[in-house]
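The following pair of complexes shares a single chain, chain A, combined with chain B in the former and chain C in the latter.
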Partner chain A sequence: MPTTTINGREVFVDDEGFMTEYDQWDETMGAALATAIGVEMTDDHWKAIRFLRDDFKTQGETPTIRRVSTVGGIDTKQLFVLFPKKPAKKMAYIAGLPKPHGCV
Partner chain B sequence: MKKVLILGGGTAGTMAANKLSKALSPADWSVTVIDVDDNHRYQPGFLFLPFGTYKPAQVTKSRRKYLSKGVSLVYGEIDKVEPADNSVLLTDGQRLTYDYLIVATGVTPRPDQTPGMDDEAEWHKSVHEFYSYEGSVALAEKLRTWTGGKLVIHITEMPIKCPVAPLEFAFLADAFFKDKGIRDAVDITYVTPLDAAFTKPIAAQAFGTTLEEKGITVVPDFMIESVDAEAKKIVAYDETEVPFDLLVTIPLNMGADCIARSGLGNDLNLVPVDKFTQQSKAHANIFALGDSNDIPASKAGSVAHFKVDIFLENFLQLIAGSDMTHKFDGHANCFIETGGGKAMLIDFNYDTEPLPGKFPYGSLGPMGLLKETHLNHFGKLAFRWVYWNMLMPGRPLPISTLMSLSGKRTDLIAAK
Partner chain C sequence: MTATQDMIVPSFDDEASEGRKLAIICSKGNLDMAYPGLILGNAALGEGVELHLFFTFWGLDMITKSHMEHLKFSPVGNTAAHMPQALTPLPGMTTMATKMMKKSIAGLDVPEVPEFLELIKASGGHMWACRMSVDMNHLKKEDLWDGVDDIINASDFIELTDGAQLLFI
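Then we have the complex of A and B:
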């Protein structure tokens, strides 16, 4: 498993740079990951990221965009404004979670 | 006399009923299944109906016939479950009580959840799905006479039942139109909300280019907002549009509405359960099996089968007053049709992604994992016999309930 240094700390990541260890993440690291992909974090961004983190903890998988909207209460259109083009992937990246995937 | 009530007599409900009826003393326990009719559909067959490989009669058998004699079958539509007094109310006013309840109501395609998708003018005309018996039969009729144009295969949002079926549909469509001699007249596009058609690293490495090689265009990261049935295009939240002449969509998959009415479901009407035991998080005497729960495993018949095995062992401990010690590992085992008489086989669980190798007898195989072979295709066709003659009656299969690493190329994970 490759590692990389984020915010001065060495963490485990997958081939695409998504963090793989839930407990290695904290919000300062999330902010650094956001900067790396050109997302400037605001309270609205954090609301989405915190929902992803909490939901992953109880569900064991990264929530879908639909779930962030219906359960997390953030409108899908707004997610596209906050995390342009690829909200599902960008949110997972910043939240230090696996990107949404299929079974193959 | 204690009562087990099972909501739904499909794949999971039938297996659970037959295994429980065998394991429990008929003097002390009754096992009852509730379903709306006597039509037990072989759902993996829905993939083959559109291409005329199977005929409608080949995917339907009598529900009653596949339930053991000791199991009662009640026909009726479920209004709601009332967990506070352990009873289930049917829409005809009948009330059934239970000591233990098993939810096995599955998931169904819900085109009504995407604006414009079930627009009456185009539904079952230029807009189709193959996740229901009716939809699959209608699509067969359409494909029989369709002369070509833009075919768009589209996934609304995960999770969906049989997550590989859309890929298989794309492969089979490519082969079907080649056989008909009209492949040049058909433009096939595969549209997914995920970032690729193959999303697991090792599978992606092996098969990431398969669709392109077959001349199938992939549109990734597509989050559908609506179907414009009149202008014949699907529209995403980021305003990307994909035009179609024939749309074969996988609508949002949701659990049964009666689960929502009972207050037992999440946002997709799936019952929140413990991912190892499938016991409801809210009620200790309710379990949700098959596709009806929210565990992060594939919604597929093989998974339903493994889950039922684990459930039974735990259930017998529970009624004996012991702790439930058996843990489901998310094991799934699926054939993936790739067209031209070949198929792939994948075997994986919560922790291990699909790997190449041999299955099920370690290095002896004879099946190849994550590899296109003719033998895997025959395995897929033979599975229909296995389903009716081994799986439903609860006979043991030569596949372990928990995933085995034997025969798998684990060096590929270690190398990462």
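Then we have the complex of A and C:
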């Protein structure tokens, strides 16, 4: 498995650059990941990312856009504004989680 | 194998997919045939692809207020329903099969048709009703689900899907 240096720390990632170790992530790292893909983090962004982290911890998988909206309480429309074009993947990347597996 | 390199960043905003458009023609009103278009369309939006859904013929039921919540699945003539074909036309069979299908879909946390349409709309998808089908069924714009962009004819659809990848369901 490849490693990469984020924020001066060496972490495990998959071939695309998604972090693979839940515990290697912290919010400064999340901010660095966001910068790398051109997302400027605001409180609203963090609300979504924190939901992803918490939900993954209890469910064992990355939530889909629908779950972020129905369970996390963040409007789908807003997710497309916060993380343009590919919200599910961008959120997962910033949160240091794998891409969601669900179709919907 | 361990490879250490500079930060690996996924190519989210790949120029190759810039301007990609998908058009799906939804022509069936059975519950099982409503889902493929919705699932693929929703996936396309999540990948940053522009989406146009065109509801025509029986597919118009998917966006007609009086029918959209009552789409049904019938096992008649469907060998993949895995039940003796002679039993499929019995009274109550469609209701039972529909109930079972809705249950398995809900079990996967996939929404029912009206909520799915809301999700697609909120994700920026465009939805068009077929003029001829609307006229055939003597419907008006107010009989259709509010999220429908407009009632358009076949030529309009061809025009607005210029350069799109097309799927007929």
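Assorted remarks:
Please note the rule applied: the second predicted complex is superposed on the first by the 101 of 104 C-alpha atoms of A that agree within 3 Å, B and C clash if a C-alpha of one lies under 4 Å from a C-alpha of the other, contacts with A are read in each partner's own complex, and residues count from 1 in each chain.
One rule holds for everything that comes next: a contact is a pair of C-beta atoms (placed from the backbone, for glycine too) under 8 Å apart; a residue touches a chain by one contact, two chains touch by 3 or more.
These numbers come from a predicted model, not from an experiment.
Contacts of A:T76 after superposition: both chain B and chain C are touched. Contacts of A:Y93 after superposition on the shared chain: chain C is touched, whereas chain B is not. When the shared chain is aligned, chain C comes close enough to touch A:G17, but chain B does not. By the touch criterion stated above, A:K85 is placed in contact with chain B and with chain C alike. After overlaying the two complexes on the shared chain, residue contacts for A:G60 are found with chain B alone; chain C is out of touch.
Touch criterion not met for A:K47: it reaches neither chain B nor chain C. In the superposition on chain A, contact is made by A:T3 with chain C only, not with chain B. By the document's definition of touching, of the two partners only chain B reaches A:H101; chain C does not.
Overlap of the chain B and chain C interfaces on chain A: residues 1-2, 15, 65-67, 76-77, 80, 84-89, 102-104. Those residues of chain C whose C-beta lies close enough to touch chain A in the complex are 1-10, 12-13, 39, 42-43, 46-48, 108-111, 116, 119, 122-124. For chain A in complex with chain C, the touching residues are 1-6, 10, 13, 15-18, 36-38, 65-67, 69, 75-77, 80, 84-90, 93, 102-104.
Within the complex formed with chain A, the residues of chain B that make contact are 157-159, 163-164, 167, 192-195, 198-201, 203, 207, 221, 223, 225, 237-238, 252, 266-267, 275, 294-296, 298, 332, 334, 336, 346, 348, 350, 354, 416. The touching residues of chain A, when paired with chain B in their complex, are 1-2, 14-15, 59-61, 64-67, 70-71, 76-77, 79-80, 84-89, 99-104.
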